[in-house]
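Down below are the structures I want you to see.
Shared chain: chain A. Partners: chain B in the first complex, chain C in the second.
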Partner chain A sequence: MKRSGSLTWLLWLIPLVFLLFFFYQPLLAIFRQVFSERFNQGWQFFSWAQITRPLLFTLWQAFLSTLLTLIVGLPAAYLFARFEFAGRKWLHTLSLLPFILPTVVVATAFNTLIGPRGWLNLILMDLLNLSNPPVNLLNSLPAILLAHVFYNTSIIIRMVGNSLTRLNPHYDEAARVLNAKPWQAFREVSLPLLMPSILGASLLVFLFDFTSFGVVLMLGGPQYATVEVEIYTQAMSRFNLPMAGLLSMIQLVVTFLITLAQNRLKNPRFGKAVLSSEQKTRQQPVNMRQKIFVILMCLLLVVLFVSPILSLVSRSLVTFEAARGERGEFETGFTTRYYTELFQNRTGSIFYANPLAAIRNSLVYSVLTMLIATSLGLLSAYALSRSGKLTRWMEPFFMLPLGASAVILGLGFLITFNNPPWTSGRFPILIPIAHSLIALPFVVRTILPAIQGIPHSLREAARVMGAKPWKVIREIDLPILLRAVIVSLAFSFTISLGEFGASSFLANARTPTIPVTIFRYISQPGALNYGQALAMSTLLLLTSAAGSLLIEKIRLPGEELF
Partner chain B sequence: MTKKHFLLLTLILFVLAACQPTTPTTPAAQPQTLTIMTHDSFSVSEELVRKFEAENNATLVFIQGGDAGSALNRLILTSVDTQTPEADVFYGLDNTFLSRALDQDLFEAYQPASLSAIPAEFKLDPTFKVVPIDYGDVCINYDKAWFAENNLELPASLQDLAKPEYSGLLVVENPATSSPGLAFMMATIAEFGETSWLEWWQAMKDNKVVVVSDWETAYYTNFSGSSGKGPQPMVVSYASSPAAELIYAETELSESPTASLVNPGMCWRQVEFAGILKNTPNRALAEKFIDFLLSKEFQEDVPMQMFVFPVLPEAILPEGFVLASQTPETVSSLDPALIAANRDIWVNDWTNLMLK
Partner chain C sequence: MLRVEDIYKDYDGKPLLKGITFEVQEGELVCLLGSSGSGKSTMLRIIAGLEEPKSGKVYWKGEDFTDKPTHERGFGLMFQDYALFPHRSVAENIAFGLRMVGRSKPEIDSLVEKSLANIRMQEFADRPVTELSGGEQQRVALARALAPDPYLLMLDEPLGALDHNLRTELLKDLRKRLHDSQKPVIYVTHDQEEAFALADRLLLLHDGKLVQEGAPERVFNQPANTWVASFLGLGNLVPAKLISPNRVETDLGQLEVPIAPEIEPGSDCVMLLRPDDALFGENAISLSNYLRAVIRDSVFLGNYFRLEVMVGQTILQVHSPHPDAIGETISIAWPASSLQCLPVA
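And now, the complex of A and B:
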């Protein structure tokens, strides 16, 4: 026992030191600066409304987004957990894609779909013979909500769906035998059992919506600012650092409270007894009602997940010239020009990166992130799997990077790591480190349940038979954990691939990543540049999709992703 | 299955790694690294950089710190308490932020010999801590086809834009988050005066002016003259954007689909400066880089790389650029000291009026 005690300390130590050094240290450094006298001129505009306005809006839109996500996600989770139908697997995989898509791509995709000259408006204008776009969704609250539903539905599908598949059907059957109607059985028996996972999933969705940045900035327009957007504006544009610091502290506190609440929800009384390992609960839809449900849900999910992506891909392959003098009439034609143009450095610019080089830069950072985040996540998850009071308080500590403002952390990085070897401009090692901080909470959430799921009896049996601790780990834990580890690898890989903020902040401009090049194309006027941004987004989409497929292919049977 | 995937992944990685142009083998002496911090719009020919690097046995590292305002803010923040600055040279300080940068005492004075060839109107810093490199005009771009098709006269002044026939036709950027947005706000202050500029904005608000966060959204989502084909036929952009539309057109065009409104009082001139950062350990090399920025070669490279004009009068402009760029005869300007004292207040007032 003593030995495993010292082992626990080692497990704690490595990820703890990493977090203290690369997360808490820069965060504290920037807070110290922010509230120093040097920057206090920002206070001249201080008013409480500057805090309450973004805070209330953030809470309000997060609440609405979560509600909408539940409305779409719960029936979808039920669909995937209970029914077998053609294309089920395909659709299930697809629903994960938005979650790992970078916001630049999502915003661009939504623009090509619901923008003033997006497909939706073009089709409506053509059908109804209108000269102006009838749907004006961009720069509005609905656009933000729509994007949040698009992003987070997969969380509900996976978390609640998992509990649904593991829900022991005998309970339901027992209720039915006792003459309960199907709805009654669901409400009285299944729903209370599912409640912890529904609440847990909702809190996570709420947290993501609460800290949302890119989507709000790009689709919401200037009238709508979440706390995170306001932090960015205050810090980078208004240079009001005290305000940015204050807002980011508030965001951290809210994040801490949410993760703490989520931690409390993992009530051990549920779980073990009632949620058995995966049940064969899926069946073909039998009666008319079930068939209609399956068809309608599939339709909804296809529209939600496929249309923005399809719209992006198609616009990257279609030229789109307005006939002279005739608005509303457009000549369209197939083209691969945007793709071939990606390979040309027309102006001979030093910052030009051919798409292969950009993909290579991205892959180098992604692979490093994958290795750092997964090994640290594995250690953290082992440490967190030990029961005890300390562990309960430690989990939010590991989850806090989820709620840290990217711009505050980024500035913290810049003032903390401003000497060699960190500043060696040719290879910014800080990028994979920053990406690992972002990926770590996800990795821990993936591996922790898998570790907790290893039956104690197995380890005991091995020990009784004289196996040394490391042998227990190698022979029992590792084979069981292998798939969770692979999922984590793929997850951290794709998160790093799509990350834009830290990469643009810390990168040497001569070695840009894919998201950075997308941003470069879209920030220049000219039809070709816009087309190239779409083409590059499509390439990123394909790379992310490959990672996403990998995750699904090796899905754990009892996996609980979050 | 999984093993195969990872093998495939590794393979792809190796192939991509092989695509990398091989770095030249170790030269006689270790090249000196010069770090240049700049904004996202900065660009320069690879050829010129390579030449500079070869001639000076140097490696240039560029850091792009966001738009012009963000890059400067980042610089100010990171120069606190540090012995060595994050970069050696800063490029892309414009006249709306000039005084903030000078107040913070970020630069070391350097007066290159070549500065004598630069017109006095650009030399806004008498202490020579920063030197002018390029300039560009922020103007309203319009969609030529839209105005022709709708038989609408072009607005002749900012005042005209508040007329009912132009209702809902202009998209502007939020000056708090966008550098052209800030420049255009400055133009309105210069035109209408410190006391009554907000009245014009109030009239524009009543006339349904559209406000978006950034240039990208304004130009590609809202502007009808770009390939985004949005609903507004007028956008706050640069006088050189029509040239870019011509040069980056999908099919060769005889003329640009857009043009700029360049009547007096409608445009704001942004002059961009570069300077050597305080406490740089590479002062000599940094001086050479500033000389390089003012050289004829670099000055002639500027238009096609960044779509701005060189400050050096003898620099020859490329033909396509001259064809579609309009230069306003008179541009608005404000005293840098006045800007320094009021910029934050103006932005705050604007935000309170337009976004709340």
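And now, the complex of A and C:
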């Protein structure tokens, strides 16, 4: 088996070089930037308050967001796991939608709901005959919390709901037979057994809330800056790269600690025994209390999940005010103008974001990301599927990029690749590379279980029958992996299309992506800018929804992505 | 004590239980026997209050328990997978039911200790239940079910999850412990050996109905119909037609049978020919139900040979003391008194 040993090295080599060059080098560059600055000037370039303020705020909002998400998510998980009702499947699919929505889309959607031009204000202005928007929820903590709950409730529903449906119902029944009242049975038996999954899901939600960037940038405004937003501001507006680097290092440490806590939770000693295969535990609500619970919960979820999306789509199709430059007469009401405007190339306009170019760029980046991430993912997954000393050494090395946020990646790229050939030309290859690094963990997690699921005896049988190694791969592995590969392609495509964090660092005026363009439009005054941001967000929403629907259709049941 | 009356229950829209009525007396061990999917476990769950019947009543000492919540019934139920709480130790599992009824701490401690001593597992008290072997888990599960001193104990296939050798060993232990508890017990199983070894009374469940009820010997000697005979593996079943009060016409020829008053002359029935009742050679020739059979297969099983023989086109199984060669023709007969005419199920 010496030959297969050297083959393993080759498998490792390509993803290893890629990671070293495009992940570890930028990461190191950030460190170097910070410490060389310290060496030159001492710790002069910052004050402690500049760090503790965003850090404490980030922790505080992540804590509040997680708490609120649990308050909505746990009853929702219970609803889906235990009750059968009309429209259940539909609502369940809907509840999973937010997870795949790009941050800019979510931020824009909430803008159309609670922003100064949003439905809430429009309706209040109409009702109360006001000329100015009465409530401003934008640029506030509640707006951030709302968007985070919208985003992460699906994680609780999926992770805790999954444990709930698979929790062997005999435990609860045994407790009740042993004289426990229903609530005692829940507190003494079901809850402790579900605790690892609730804690795991909470930590993941906390991690996502902690590293959330686009939503906070677009809904929180400057006074509610989290660490990620502060990194962006320091790097892009103040050009204080050492400060941005220092914040990144702090961010990395906290992220690492959260991930560590998560891994400790992974293997509770009774983990496996508790879960059986999916049980038929759902039933129609029988008594009044259950009926009220189901109805209220459904209403809440519909409002939470549908209203922002509906609000975005509907608001992108109506106009209430004159576009900038338009004088006198204009129509209020239904319009497709925001959409048609996207496809008109106004080269003479002062806008530096060209929507058509953005769409074209994003599509090209996404296709490239799809190809790079999936091929790297395939190689890495094959390498990781080999058992042995090498794999044990390599695994953490491969899994570390999971913890790095898109913003840190963007910053690292900005510092490392700031000279030719990287900066020359109209086509920054760095964007699809950054997107590939972000998509890579998802791809590996999709493909690795599929590879591990192929019984080794199949390959041996093929080999015994005379198949050469590459033929074994073609005849056995590929057909079985096809499904996982298609899912990976769709996944990386959608991730790249909606990616905002890294792109906001790397996309320059000539090479915008869709999310970056949306951000620029919505940060500018004027009804037409606002409308175009909404129109683009709606298009992005539809593409992402189509992508995730494809993923859901092809994916084998039981594969978990987080 | 327990009375179950006319229970109906649907599962996935199909009727599963179609009018089940039975009683369990004080200190009686009743075995509910039936093939898998026959609704035995569902019957237990209805008695425990874990499921609601579509119609019918459950009475305990004359009181209507049908709508009583599970935790107020005071019945014990042992699950087939034991459902030992994996986040609690052996002692904590046994203490659970006592804790729920609000016994004091010292009381619980001494009862748990006694209970552990009963199953000879004192040194296991603080171990996690996930580290126990199958047999140990079974003992803990039984101890846990018995600890709160339930009025009625129900066991759902308590030996079902264990391998054959362990089953035989634990069956003896279980028999003693159930007997010692002096509680009314309902024991659900699909295994007739277990049922025969344990039961004071058998209830046979088939197609949603109780098809026979009675002491094991009675059921064994007088199966109510063909399904019972075939489920219990009592012997060869040969279709027949009653042509006179004590004669049937079969594919084997005409046979003399005991008078079966419950079967109309001229109607169809099924003959039960038990392998152990067959007589051979000299003993056979003098009898009226005498057959010539060709041996197709012979397996030595220690005390006897299990022969597969062919009479005309019919294949029969008989137990013979003689080592006859395959292909040989032998004489076989069943005394008329050993035969039974069963109604078609």
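Note that the second predicted complex is superposed on the first by the 340 of 562 C-alpha atoms of A that agree within 3 Å, B and C clash if a C-alpha of one lies under 4 Å from a C-alpha of the other, contacts with A are read in each partner's own complex, and residues count from 1 in each chain.
Just so it is clear, contacts are C-beta pairs under 8 Å (C-beta built on N, C-alpha and C of every residue); 3 or more make two chains touch, one makes a residue touch a chain.
What you see is a predicted model; the values in this text were computed from it and never measured.
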Partner chain in contact with A:Gln344 - chain B first, chain C second, else both or neither: neither
Contacts of A:Asn529 with chain B and chain C, given as first, second, both or neither: first
Superposition-derived comparison: chain B or chain C, residues of chain A touched: B
Chain B versus chain C as contact partner of A:Glu173, first or second or both or neither: second
Partner chain B, residues of chain A touching it in the complex: 33, 38, 44-45, 111, 115-117, 132-133, 138-139, 217-218, 221-223, 233, 235-239, 241, 319-322, 324-327, 330, 335, 337, 345, 347-352, 356-357, 359-360, 363, 367, 411, 414-415, 418-419, 423, 425-426, 486, 504-505, 508-510, 519-520, 522-531, 550, 553-554
Chain A - residues contacting chain C, complex: 168, 170-171, 173-182, 184-185, 188-189, 192-193, 269-270, 273-274
Complex contact set, residues of chain C against chain A: 45, 48, 50, 69-71, 74-77, 79, 81, 83, 85-87, 96-97, 100-101, 128, 130, 144-145, 148
Interface residues, chain B side, partner chain A - complex: 1-2, 5, 12-13, 16-17, 19-20, 33, 35, 40-41, 43-49, 59, 61-66, 69-70, 73-74, 76-78, 80-82, 84, 86, 100, 145-146, 148-149, 174, 176-177, 211-213, 215-217, 219-222, 224, 226-231, 237, 241, 244-245, 247-251, 304-305, 307, 344, 347-348, 355
